[in-house]
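Pasting in a structure now, in structure tokens, and then I'll have a few things to ask.
Chain IDs A, B, C and D follow the sequence of writing; residue 1 opens each chain.
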């Protein structure tokens, strides 16, 4: 069977069963758009969650008696730890100012001298946000000499971590559900679209067409539907992404590769769906 | 070439054909007559193996109903041209494409398909309607399209199930003449018909289906 | 009761009927003959208003094709029984339900439906198959189911489009006798047929459709 | 037309077009389940987000010279503000202990006396989490005499608020998309299911059935499909809810009313979908 014939027959299916094919196409487009939309939202949410909440900040209190050059050495020692993005020196004076902002002027006024030690404000690289990872870094910093104590909001981090994990669980659960449902919906409409040509298949068999000969154009048609549906869905998401970016989320990312993946999923589902569906009518 | 040995068929537990034996040799022309619902279409379905006998054996060419595998059936059907009683045209393509389909199935090259399809459509007098969809044709035109499709790939036997039921007498005569000329070139023809006049005009061996049995019959001289 | 005034019909820009005038009075029995594709079915579609003339006017009972509103068409069709050439049985219900449907449509009470449907199925000889689905029937049985449905709500005119095309001569004669008895009780009958023998056996006014025109015709004495 | 006839014909449709109706039913069930699932997740997430992050805590520093009974009066004055849930007295000693936990022992050791004033830890009722609402409460507390200063993480709250609003926006956007897509998918399969009976409709018309007579059973069938699909979806969600609650989210709520709403949506969509679809074939 020549590819040209296949191609022609596959496209002809669009003409021959216009409504059924259109509706199958719409289902594929919509299901994939939904799937893609969800994936994008989940991806972007998780990204920005990590960006906003998860750049962990440690306060490293150090020995006040250190010299200026000691501070420099310590800073570079801290920054050499691979999880650390930057270490910023906070003088006792600067610390006091912040303290005043947090606890009010009156409190500072009753202090006789500045009780606050010098410190480094250490930012960890994004991605180092699991409590255990942070603890490891803290231990390494505490092992440096001249470091008195490392303070960070451990409980809050554990809490956020727990909710982040839960969030991922929910996202994966929802995503799986959406994927499974999309797949079923797509299979179902393809099935229905082919069902509407049950009589055609029956007649083809009576006229001496082999199963493969009957199947091939349907499968090709399914692949085409998946391809077109996938492209439409990708296009929709691309446009929606542009709109959302323009309206309120300049940071939104809609990666090309992701959209390409969506198209691939469409092609795959179209192919499998039509394969299974024609099969049903051939083996009847 | 076609042989039925002690074939019995039950449909829905009701016997339709009962212990039938029958032989149609190469190049024969055979009429099948019998009342409405007697089992003529059922007999034909046995031959193109759309139906398998409950008992007995149907042999068509080298295929036997008791040993044929599912995969071989399409190849059997390509050698058997069928004019279905209800036409069974593919509703989603033109008359030309319907006829061409029977050739595409056997992998004929495009040029051959075109030439053969046009020639057979001309022979049944439907060339001017070749780009119409089946449901845009009159009953008789659909019937002729069905005949064209059955003839196009030169089957070694043609099963025609009341192929003139929707045709006027003149066209019926033409179609019969066409069938006879095809028959003379070696194709066997098994034709179910209620039109006894036609049988008398073109006399051939006639089988009567009655009460689940097949006997040698003769077109009764009814007034119609 | 049925009148066509200077009716012309084009389908796909090709004239099928051309400036036809015709009258069928109450209780008449009229045959319609003509070659395959001449326009017999087209004429019938005009009468049950599935098709509207490009020019001219079709009047059926008190309805006129030029003034009838969409909503009134169902009520017209209830008065016109049609045996369609391709039967048009509802494929999703039994023969009984098919016949019953024509009565449900007019809101008959359930008991009446049952009695009437059974009686008409008996008259066409299909009572024993009443719980079969249409595609489980032979061609002739389907045709008789279509006839039963057309008769069941006692239309004032019956349009029968080759109602014996799939029937054997004996059943054909029986059906014709049935149509005549219905006709005697006041129902007009317009029957398209290719079976000239039947016309000679049951002679009635005969119309010939040819080249887009309708003329008084006569069944030619062909050999078939 | 009698209701009994309608009922019988509506159910008969399930038998007469088994595959088409089954698939339409599956689509309705899956689409509604998806819609319902999303709604549930969004609702529960928003609830627990509010519960966890949004019980706002204010630190109210007060004049150290107040007597025990003054503290009592002040406490009840604060608690009388309607947005306030509770006010807990924190003595300077208790405050110092917490301070030590946050900033290290060494810092406390250098202090000569306890510089921390007494304070109240004020919890606001949930639902009072918008920055403006909090500011109003803060102003009312500051207006009380003997209150020195009210401190709370204003920037963090503004940030969270912004993200919460964004989250709601995203949820509403996603929800609308899912709803629109579900509706389209349901309409489409109903359309296809009815399309597969196009011939039946055509024949009915030829036999003299009025439009209403043809329509009614189809619409009734649509309603039935919507009802059954809705009930199945509700059942699925109910079971899924039980499972999730058992596995890792004991607090998950799946309100009856919500499920009932889902069924209602199903019935409505089934009704409208079939109404529109039959219409197409009648007016053709």
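Assume a contact is a pair of C-beta atoms (placed from the backbone, for glycine too) under 8 Å apart; a residue touches a chain by one contact, two chains touch by 3 or more.
Note that this is a predicted model, so its numbers are computed, not measured.
Chain centres here are C-alpha means, and the one lying farthest from subunit D is B. In this assembly, the C-alpha centroid of subunit B lies 66 Å from the C-alpha centroid of subunit D.
Computed centre separation for the pair subunit B/subunit C is 28 angstrom, with centres defined by C-alpha atoms. Centroids of subunit C and subunit D (each the mean of its C-alpha atoms) stand 62 Å apart.
If you sketch which chains touch which, the chains form one closed loop in which each chain touches exactly two neighbours.
Here the touching chains pair up as A-B, A-D, B-C, C-D.
Contacts from subunit D toward subunit C in the complex involve residues 1, 5, 12, 16-17, 197, 199-200, 203-211, 213. Within the complex formed with subunit D, the subunit C residues making contact are 48, 50, 71, 74-78, 80, 82, 84, 88-93, 101-102, 104-107, 149.
Listed in rising order, the residues of subunit B touching subunit C in the complex are 11-12, 33-37, 40-41, 85-86, 136-141, 143-144, 161-162, 165-173, 194-198, 200-201, 220, 222-224. On the side of subunit A, the complex with subunit D involves touching residues 19-20, 23, 26-27, 30-31, 33-34, 37-38, 41, 45, 52, 61, 102-104, 106-107, 110-112, 115-117, 148-149, 151, 159, 163, 166, 169-170, 173-174, 177-178, 181, 184-185, 188-189, 191-193, 195-196, 244, 248-249.
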